[in-house]
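Each of the next two complexes has chain A plus one more chain, namely chain B in the first and chain C in the second.
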Partner chain A sequence: MTAPLLHVQDLVVRYKPRGLFAQAPPPAVNRVSLSLPEGATLGVVGESGSGKSSLLRAILRLVPAESGSITFGGADWLSLRGPELRLARQGIGVVAQNPFLSLSPRLTIAQILSEPLLARGDRPGPDMVAQTAALLSRCGLPPDFLPRRARELSGGQAQRVAIARALALGPRLLVLDEPTSALDVSVQAQILNLLMDLKADFGLSMLFVTHNLKVVAHISDLLMVMHQGEVVESGRAESVIADPAQPYSRALMGFRPRP
Partner chain B sequence: MTLLEIKALSVTFPSNTGPVQAVRRVDLQIERGSIHGLIGESGCGKTMTGMALLGLAPQGARIAADVFRFDGMDLTTHAASLRGRRIALISQDPAAALNPVLTIGRQMDDVLRTHSAQPKAERRVAAVALLTATGLAGPELLLKRYPHQLSGGMQQRVVIAQALATGADFLIADEPTTALDVTVGAQVLALLRKLVAERGLTVLMITHDMDVVAAVCDRATVLYAGLSVEEGPARAILTHPRHPYAAALLAALPDAVPHGQRLAAIEGRIPSPTQPITGCAFALRCPSVMPVCHEVPPPRRGGSDHGWLCHLDGQAP
Partner chain C sequence: MSVLRRLGLGGSLGLAVILTFALLAVAAPLLAPYPGQGMGDPNVTAKLTPPSAEFWLGTDHLGRDLLSRVIYGTRVSMSAGLMIVAVSLLVGLPVGLLAGYFGGWVDEALMRVTDVFLAFPALLLAVLMAAALGPGLLNSIVAVSVTWWPWYARMARAEVLVLRGQPYVEAARLMGVSHPRILIRHILPGAARPLLVQAALDFGPALLTASALSFLGLGVLPPTADWGKMVDEGRKFFPDRWWVSTAPGVAIFLLALAFSVLGDALRGREGGKRDDPS
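Showing the complex of A and B:
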């Protein structure tokens, strides 16, 4: 078996105590380990305070890890610094919950999509326009959206732009933080379909974080349920939903009686 | 016995580019002591319907209805005076509903003082009793707390206690669990169910979440583009939806298809509220659309228990 794309071992994330003499708070993420094979989707489910967002931030190197290790693409992810980290981060694309907050209202869609390319050092020009148009159409929007601005779009269209931007630098891992929580059910289905298509076409690996177990279970290969900073259940998505071992996971499944 | 009866409610805003129809034609009939779901996606007019019932439609809104009656009273004239006496609102965000700079005790007392001539000590007893009735532990201590010291679930229970303090018997719950965690939301729904059983309350549950409908609603109405397109027993709508939109909405849920398979997304968008609708509002997105759907408004099908608007004769795809 080949090495996993992303491997987290015994990760601990702890925030600073509030005051000088205050007790150290319990860790937000407590000895969490996970393994994401190339081309697989891992769903991380939990309620507020479960540590799922802290785990995500630590993986994105936005908060420091207290202990534990992370390897991404074979490299020791936590030891990367400065330009090395900047370059390596191109391997991860991020999609946030609310596209209207993550997309600048002042920029056109064309500018939003070319920003990561310019930041990498690509030259602006017809090639870049063609590249952004291709990205956009891959995410289900025609090129006539390029001159428009985010606020002119519906929630689903804006989230497609956010996904296109996350894919701009050809990442190996797509990190999705509640990508459908702000969307209506019918639109949520469109976005989930798009993600499944992208995964199949590009062999993308995905880390999908959400509080909605049913949504994430549907498109994930592997599932991990977090509660108060710890992993309470993990395994193949189908087996976790078919037969949750923990009462907590069962509660997260919702309360809908099967017809 | 019918507590709320609405026929052909419309809420329109005049604008330079023609009327904006937030609610086009909504019918509702809610029996006393039941929980009635009002289901729909963004822009379907479900919140605006609730606001019209509370007399809280924004300035400039034109409200019209053939019948708009609550317990025998006409809501077109009485909505504002019934609000806070018979009708109360449980909103999506309890933190926004509570005053952040006043204690829970003070906020409970404000409501009780408005509604009764009891002396202060008795009002305090009443406040404790109401907080206990909503399942809050340690109500005496809670009276001294500020909203930010409470979890979202506790805040929502306080809001429900305040609604009970007004003496209201009809609660409009607008997405009451959307901002809460799944397990906490389930507890709040169980509380509402219990209050309906014990106190004979009636609840209009505005939601987009089919799980909520399945968990607590007796009957439900599905809204689309400001129209009530299907109404009936909640279980019948969830298991055998008749209107193609209701069917499509349920089919778009991840648990409608086996693991990893493509979901049945509804393509296209809801018609804009400025756009007049000649035939069926769902015609442009409907999988079983026929030529007649674009021309003629669909007739009402079914019986008095379960009805829907469609040109098709009840055979949902």
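Showing the complex of A and C:
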């Protein structure tokens, strides 16, 4: 078996105490381990406050990890600093929950999609326009969206733009933080189908965080259930869904408690 | 005229007054009845004459036509106000951006320096600076700017602190966009608008402070016409020859009021409007 693309070992994330004499809060993420093989999709499920977002933010290096280790592509991910981290981050595409917040209100779609290309060092010009148009059409939007701004789009369209941006640099890993929670149910399905297509086409690995089990069951190979900062259950998606072992997962999946 | 409708009656009037003064400043040699006197030539045969058909606003102690002096003074006052606000923005905005964006010791260092400047009463510090630098228009602009920029630094910092946590700024970081580019491309456009509104509001007070400095004899050198200085000169003849101080005084009052009203109109329309993505 080859080394996993993303490997997290005993990760602990703890936020700072609020006041000077306040007690340190319990860890938001407590000794969580996970492995994401190349090309696989791992769904992380949990209700609000389960630590799934903190786990994600720690993996994205937006909050510091208290202890534990993360390797991405075989390299130590937590030791990267400054410009190294900046470049390494381009190997991960991120789609956030609300596209209207994650797309700059002042830039056109063309500018938004050019931004990662410019960050990589590409030169602006006709090539870049063609590239952004291609990204957009791959995500199901025609090129006449390029001069528009995010606020003129519907939620589903805006989320397609966000996905196109996440794919711009050909990432090895796509991280999705509740990507469908802000959308209508019918649009959710369209976005999920788009993600499945993209996964099939590019062999993308995905880390998919959501509180909505129906969404994640549809798309995941592996599933991990989090509760109060800890992993309650993990395994192949079908088996976790079909026969959750832990009471918490059972409740989350809508099973009645065992008699 | 959608701009005027958005400004409302007061704002439109303010804008009209400002544009009138701007026109006076630009076209002073054409509009002043006695351009030579406006620039300082004495006219000893007509000392301190009251307003008349010949001298609409009267003449000063050197017999110079006050209307021409006021028109030429517009140039000094407008450029002083503009320069003070521009220099202060140019210093304060980058300081606030850096402090707010990088946080930590950068923030501490920059904001403590800013606090030192804020600790002094503004006019006192300006007077000290102007006295140290010596009189002159440029020096008085520098002196007032020194007391002015910290406010912009604070405002810019506060705006950045809000914007820095926005998901779209975070998204830029996650794409590997460099710090300078995030600041300039993703944060500055959002932070700049409320600051520009504030700058428009501050134009009037800046102009007043500059006039106060020249009233105290720390501004422009004679024979250049300057409103603050003219009020000071007229003080000796007040109230018997009231028109000498009144003409420039009313000009200061009108222009400062116009900026204040326009700024209020701008703030009402734009200032409270942050990025509202929904």
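A few notes on this one:
One rule holds for everything that comes next: the second predicted complex is superposed on the first by the 253 of 259 C-alpha atoms of A that agree within 3 Å, B and C clash if a C-alpha of one lies under 4 Å from a C-alpha of the other, contacts with A are read in each partner's own complex, and residues count from 1 in each chain.
Methods note: a residue touches a chain if its C-beta (ideal position, glycine included) is under 8 Å from a C-beta of that chain, and two chains touch if they have at least 3 such contacts.
The model shown is predicted, which means the values in this text are computed figures rather than measured ones.
Aligning the two structures on chain A places chain B and chain C next to each other without any clash. Once the two complexes are overlaid on the shared chain, A:48 sits against chain B while remaining clear of chain C.
Shared-chain residue A:116: touches chain C; no touch with chain B. Contacts of A:193 after superposition: chain B is touched, whereas chain C is not reached. Applying the stated contact rule after C-alpha superposition, one finds that A:218 touches chain B and leaves chain C untouched.
When the two structures are aligned on the shared chain, A:251 is found in touch with chain B, with no touch to chain C. Within the superposed three-chain model, A:104 lies in touch with chain C and out of touch with chain B [touch as defined at top].
By the document's definition of touching, of the two partners only chain C reaches A:60; chain B does not. After the two structures are overlaid on chain A, the closest C-alpha atoms of chain B and chain C sit 14 Å apart. Judged by the document's definition of touching, no chain A residue lies at the interface with chain B and also at the interface with chain C.
Interface residues of chain B, counted against chain A in their complex, comprise 41-42, 181-184, 186, 189, 208, 210-211, 214-215, 238-239, 248-249, 252-255, 259-260, 262-267, 269.
By the touch criterion stated above, chain C contacts chain A in their complex at residues 166-168, 170-178, 181, 185-186, 189-190, 275, 277-278.
Those residues of chain A that touch chain B in the complex are listed here as 47-48, 154-155, 184-190, 192-193, 196, 211-215, 217-219, 237-238, 241, 248, 251-252, 254-257, 259. By the touch rule above, chain A contacts chain C in their complex via residues 60, 62, 86-87, 89-90, 92, 94, 96, 98, 100-107, 115-116, 118-120, 150-151, 162, 165, 168-169.
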